[in-house]
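What follows is a single structure, written as structure tokens, with notes after it.
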Amino acid sequence: MSAHIQPVPFTKPEPPISPEKEIVESPFRDFVRAFLRHRSAVIGSVIVLSFLLIAILAPFITSYEYTARSQALLQAPSVDHWFGTDEMGRDLFTRVIYGTRISLWVGLFAISGSIIVGSLLGLIAGFYGGWRDTMISRIFDILLAFPSILLAIAIVAMLGRSLSNALLAIAIINIPTFGRLMRSRVLSVKSEDYILAARAMGMKNRRILFHHILPNCWTPIMVQGTLGFATAVIEAAALGFLGLGAQPPEPEWGTMLADARQYIQLAPWTMIFPGVAVALTVLGFNLLGDGLRDIFDPRMKQ
Amino acid sequence: MISYIIRRLIMLIPVLIGMSIITFSVVHAIPGDPARTIVGDKATPAQIQEIRENLGLDKPAYIQYFTYVKDILQGDLGTSLITKQEISKEIKPFLAATTELAVVAMLIAVFFGVNLGILSAWKQNSWFDYTAMLIALIGVSMPIFWLGLMEQWFFAQELDLLPSNGRLDPRMEFDAITNFYSIDAIIQGNWYAFQDVLLHLILPAVALGTIPMAIIARMTRSSMLEVMRSDYIRTARAKGLGEFWVIYKHTLKNAFIPVLTVVGLQLGLLLGGAVLTETIFSWPGVGRYIFDAINARNYPVIQSGILILATIFVLINLIVDLLYAWVDPRIQYGKGE
Amino acid sequence: MLLQVHNLRKTFPIRGGLLGKKTGEITAVDDVSFYVKKGETLGLVGESGCGKSTTGRAILRLHEPTSGQIEFEGKSLLALSEEEMRKARRDLQMVFQDPFASLNPRQKVMDILEEPLIVHGMGNGKERKEQVQELLHLVGLNQSHAMRYPHQFSGGQRQRIGIARALSTKPKLIVADEPVSALDVSIQSQVLNLMADLQEKFELTYLFIAHDLSVVKHISDRVGVMYLGRLVELADRDELYERPLHPYTQALLSAVPVPDPDFQKQRIILSGDVPSPANPPKGCAFHPRCPHVMDICKEVRPEFADQGGGHFSACHL
Amino acid sequence: MTQTVLEIAELQLHFFTDRGVVKAVDGVSLEVGRGEVVGLVGESGCGKSVTSLAIMGLIPQPPGEVVAGSIQFEGVDLTKISQKELRKIRGDQVAMIFQEPMTSLNPLFTVGNQLMEVVRIHRKVSKSEARKQALKMLQQVGISREGILDDYPHQLSGGMRQRVMIAMAMMLNPKLLIADEPTTALDVTIQAQILDLMKNLNKEFGTSILFITHDLGVVAEMCDRIVVMYAGQVVEQTDRFRLFRNPKHPYTQGLMNSIPKIEDKRERLYSIPGQVPNPHQMPKGCRFAPRCEYVMDICRVNSPDLLAVEEGHLSRCFLHQEVKEVAATST
Amino acid sequence: GGKDPNAGSGKSKTLIYGRGADSVGLDPSQQTDGESLKVTKQVLDTLVDYKDDSTEVVPGLAEKWEKSKDGLTWTFHLKQGVKFHDGTPFNAEAVVFNFERWMDKKNPYHKGDYPYYGYMFGGFKGDPGHVMKAVTAVDANTVKFELAKPQGPFLNNLAMSSFGIGSPEAIKKDPEGVKFNQSPVGTGPFKFVEWKKNDSITLAKNPDYYEKGLPKMDKVIFKSIPDNAARFTALKSGDIDMMDGLNPDDAKLVEADKKLQLKLRPGMNVGYLALNTTKKPFDKPEVRQAINLATNKKGIIESFFAGYAKPAINPMPDVVWGFNKETQDYEYNLEKAKSLLEKAGYPNGFDVEFYAMTEPRPYMPNGKKVAEFMQEDLKKIGINAKIVTYDWQTYKDRVGKGEHQMALYGWTGDNGDPDNFLYVLLDKDNTRTPDAGNVAFYKNDALHDTLIKAQQSTDQKARTDLYQKAQEIIKKDAPWVPLVHATVPEAARAEITGWIPHPTGSDKLLNVSIGK
């Protein structure tokens, strides 16, 4: 009657863990899946990719040249000129399309510049601490306390007005954002157990820095970079608006807006389309950045 | 606490020194000089040379810098090269104008941003949430000068609802006492003027406040969501606390801490970053003042102006840090950190 | 005698005040001395914050000790230069409490296990790869696991990886800092068995830190009890569990819940909390909670002395 | 037992996540009698907390949802009533203590504020009255320092905080106290204090306690009856003596055997092979089958029911069901 | 908003003048910018004045005057009974006081810089070129000016707003030389009331003004609205009554709007493209001529001046006497331009930097656009122009140093004398860096002789002939592409009457009123 199962003897050999059949996914595949599930990331990347395509394919999208004048001055949008024409009779659609190139260029270069410099400084400050940290942190404080647009204006005034100098100015004013982010990230990664483990393993500082700390710091930088991209586009437009950015006849959106400002009464479309283009690009990057942040944020992970 | 404040103020010194050096070098590296502005478009070379000498611009840069620092240390912010006015006096109304604008913009931003953020977080993933967050995103995506122009065109011109520019109807008899017009109007008991001042503030403040509002709304939302997931909110619910109190008492106070940082940072940025808004709305503010000074190579104004703005920026952030301690009892400055 | 620790002390500064001056000290480890024999397991127990981890880390010089002596195989570790110490770490390895936090989330298991070999210049590429396979096998994982990332494992598996990594350089001493605390019971036993097997196989020596007294008892040869930065009792396992001398050890042992409803014993319920290591009580650190407190305890710090047969205790009783 | 305070029947609780539906609780039934201490044990992730949160109506929704089953508290089905009615019961008749005393108190409000809040939500009393009650309750849990009411949580040690949590839960003398791993984050000596305290409260006030833990030692000490969960299901349920002396389910047996006993010698421990199944892909049939030593063909196909092995001893295993059948035919 | 403009402030008649920038200072002798002088014109009167719509000289504070035969002594008879705003009397002493203050660097009240004085009168006391030998009071109402050498444009110079006479008492009360610059005291139709920096300057009617019944307004407010579009919006919504700096394109809108009226300010200016003759390839006259041929002035005027400008043929506008009507302009002919280039040895064109100003100037409301426009045409003849911009200060600095190859530039006449255009802008004397006035760095000895001869003559007829000849020489050498003489469009609300925009840019608002 007593068919009790007896407690299992302790000496029973331990069965090896069975190899699992479930498909092993790389973090990249994981990321792609999470990404595709994230609505704003997808919408954002679609917008960004479209602008990227527009930038690349600009000459094929429009049959006009962005400097080509016509007799039709300040014409309202029509079949011939989808966005109308400007005061020199140039096709606005074409100019907006070509403007994409400039804006993306601005974002890319300004932001990669500030990421490289900012991260490097932040890395040094966070990892080595001590006087290096104090010094670099002060530099960040200084740059941050500067009224950034005024600093940019001064820098451009100093170096001369051109797109590349505007880029440089934008890159400089964005350095502390990335620097501080990197520093705080390094500080937190530095105190992780796996860094301690790496030291316990007998690794050299340099190896720890580049193999263990750096790879674990780049996600927030990437997120911030995407958002910074958006900011840079707006900043470039602001500088362009003040006449400090791209020089004619480059169709930079901010410059176009500045030029169009006086036609706001007469030809509002000259004002609306470049403005919408800026807002849309920036929106795309913001959506993408937001999405990436959610995806990378461990707190958002279930 | 006091020692913490002192420490922070001491830390301000290297920042200001670095700042003054950078400003000085950048400003002096800009080609051209103030002598030309002073004499205008026409002048003989001899005249220009003479003015340069009068201004001490022919001396080596480091001597000019030390002279400047010496003056600053004696509390002398210098004299505008163009107007010959003392900067400390001249800048006051500009600072006040910008501060008034920035504060109102910030109030708008905080009020709408925080409430939008709360509602979004509360109704997470509802259509309200999506719309609010989309609006917030569009808010940060718009160049403010564009927004300002559009606003002006639509509300001032097409609808003729609000004044398009300036701080006050110039026909109004009005004494600027503190140069915060809203306060001045109250002091003088001039309610008509007060109303006018507020009306004039609306468009520029909305233009200026849009980005901070959007940032605050997003920040509030994410920080609310995070706090709402926390154990102590679960505890509050487990006590049987009503949803309203859970949100506005237990969650908001905790969620507000990161928002506070954003508010401080943005307020600082608004003060120095209002150049474009000031230009579009003819707001006689400090951003425009320094911007003009850059164009005129009015060295002392640029230097002292930026120094003042930076100091204010740092002070605001210090105040924010102190507010933390007030909101969050866990933070105690001056003790072991 | 593999490891000898004499009067180890580690303090952490408390910073504050004007310009971040040092305003105080936390004495995390205070005057701790013990030895570990080759091939044995010394268990270290105590409540949270009493300095167990700090002791473990100070021995590996992951926290530079404030004072004291650490002799490993007769050589003083503290005398080594940074580079020499780095090389010496080959023989001294560590297993961490949180198997997730201690594995770099961006490295594949392959890289995690291979890296110590690279660092210490062991073998060429092919040999290293082979060795990694062997390690995996040793801890009960298989080849296919090598290309995965830590987050794709369960807690128990991750801890196996942590152990494999510690083993990779064929160390002589392994400091295991609460290696099973984060694991569920059914998994915990897998890991404990593995550790025991490996010890046998490679003649490993363990310094096993834990707060679970039953786990410590299960795995250790000798057990040390820490309280507020100090070692209060140290003895052979059976001796300690059967004849605890120090009132704290007694209370600790009595407080352990026993999974047996029939088991009845008199609990010693201590009053109060563990004091802060920033300002430890004068005299015997345990006196505010001690049921047998005497006047002398409040003034004089008792000596940590051999009470006979290698049973050390620090108590005036 | 005379009366049940809480009766959960066939509770189904699902989380609708991006990766699919997680059946976190899959047909759990249990009951708690008046004055009884019921232990709910099981490994991490088996659904203990979720079950207790469901009682409080605190399941994060979305993604969680009670899809089926009932939770009867004093004859009221908590899954059916409105949030408002539920709020009235919460904190008053049913109270809860959470695992992490460190994070379960709001850091920005004083201890007094948070304690008094409970009273003032449910009773119309003055502030000073609430304060008095708070102080009294704190004394009950062994804190007599009056100044503590004005302290902030971070100024207290873990043990103190957990006492405050208990005081908060006991404030209104609830009929049912749910304690979700209340001592896991604490040290052994402090844990002993807290367990002692809870036992006393149970005796003194007759509060029923649903005690959730993964520590079998704690269960053995505290609970009258024990419910063992595995992967969202109850696998065994009986009084503590029977459970410890005579565990029926292979999982329970395994669990017991893997604990290093304090009196045991240094030998190999038993270990349950494999690991807890992934909640997204539960095995077909019996959920423990992949790890079970006595696994039979049927176990991989059908899932067994929770049936009485003997009076007051339920188990979810085909082994026993066979046994029962045999027993039935033999008599 | 369109609220009652006079609400809340009684029933006084207030005029609001919207403009692009604030004044720098209000002591006219220290200022050179138009925005300052625009205001001081209302507050401080000058000895002689310009006519309402031209630079012809009419009596001001001086009723009449005579000059000696040799042109070295000028005697002015002052109006009587004129009072400064502070109540002190205006008399010969006051005039002498003002001139002493300006010309004598050792004068205790000579604080700061007096750029226009030095510029118009050849420096200060003691300088070799200084024209003014002595200014003395003959009696209470008579002032005598003795000159060191005759000066053709002497009267025109005196009429400039910069030489407005201020109250000596007020100046003496301000030994630091700061206050007067902030709140000037003169004899003009309006008194200074208040200055809100970067915002508005308020003037009130001077009840004691010597012309009875004037001015017509009780109050004039100068309001700065930096953005052109915003200013126009403000005008349309009634926030301001009149404005300058209208975008040329908006002129059409003004004309179409019944509530507004368009005002055209005659331009005594020239906008031009300076070709740096010392730099390759502009050292070749053919190249310069080719650029001239490649310039579509009509197109530029259509696009950026909305038609409100005259194509420039000579370096000076036809409102200035001595203008050569005979000069033939280069036609717009790209083919011819190209062949000229070929002839000059540039069959494939060349690369060049094209300086363009970004700040709107009266003669060039949108330099960058003009450059952009020309860039297209230049491209067609093979010239690849890269547009370079700087802020105005840097721009002037670089151009003054001759760093440019070609630069858009311009000039607004000060006193309506041809010398003020031709000598200043094109004589070799003015090619000295770093502050050259002749930014084409054009050096022609024949031209130099002609201009110097004209400068020293006081015979109008002889001067006219000389200047006509000069213009021919210039046209042939083509150191510039003269582009436009801009008529500056401005706007006011329809009810505004009596506003006559003056070529100098400073209008007396004496007769302006709202309604009838």
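For clarity, chains are labelled A, B, C, D and E in written order, and residue numbers in each chain start from 1.
Everything below uses one rule, namely that contacts are C-beta pairs under 8 Å (C-beta built on N, C-alpha and C of every residue); 3 or more make two chains touch, one makes a residue touch a chain.
All figures in this text were calculated on a predicted structure; none of them were measured in a lab.
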For chain D and chain E, the contact-path distance works out to 2
Neighbour overlap between chain A and chain D returns B, C
Computed over C-alpha atoms, the centroid farthest from that of chain C is that of chain E
Check: interface with higher C-beta contact count, C-D vs B-D, is C-D
For the pair chain B and chain C, the C-alpha centroid-to-centroid distance in angstrom is 54
Expressed in whole Å, how far the mean CA point of chain B lies from that of chain E is 38
CA centroids of chain A and chain E: separation to the nearest Å works out as 49
When centres are defined as mean Cα positions, the distance from chain A to chain B in whole Å is 25
Chain C residues touching 2+ other chains are 157, 190, 193
Shared-interface residues of chain B (touching two or more other chains) are 30-31, 149, 153, 229, 294-295
Two or more other chains are touched by the chain E residues 227, 229, 390-391, 394
Counting only contacts in the complex, chain B reaches chain A at residues 14-15, 18-19, 22-23, 26-27, 29-31, 137-138, 140-143, 145-146, 149-150, 153, 218, 226, 229, 268-269, 271-273, 275-276, 287, 290-291, 294-295, 302, 306, 309-310, 313-314
In the complex, chain A touches chain E at residues 67, 69, 73-74, 87-88, 157, 160-161, 243, 247-249, 259, 261-266
So, in the complex, the side of chain D touching chain B is made of residues 53, 56, 58, 60, 62, 83, 87-92, 95-96, 98, 100, 103-109, 117-118, 121-122, 152, 154, 165, 168
So, in the complex, the side of chain E touching chain A is made of residues 227-229, 232, 247, 249-250, 252-253, 302-304, 356, 358, 368-369, 371-373, 375-376, 386-391, 394
Per the touch rule above, chain A residues touching chain C in the complex are 14, 16-17, 19-20, 24-27, 192-194, 196-204, 207, 211-212, 215-216
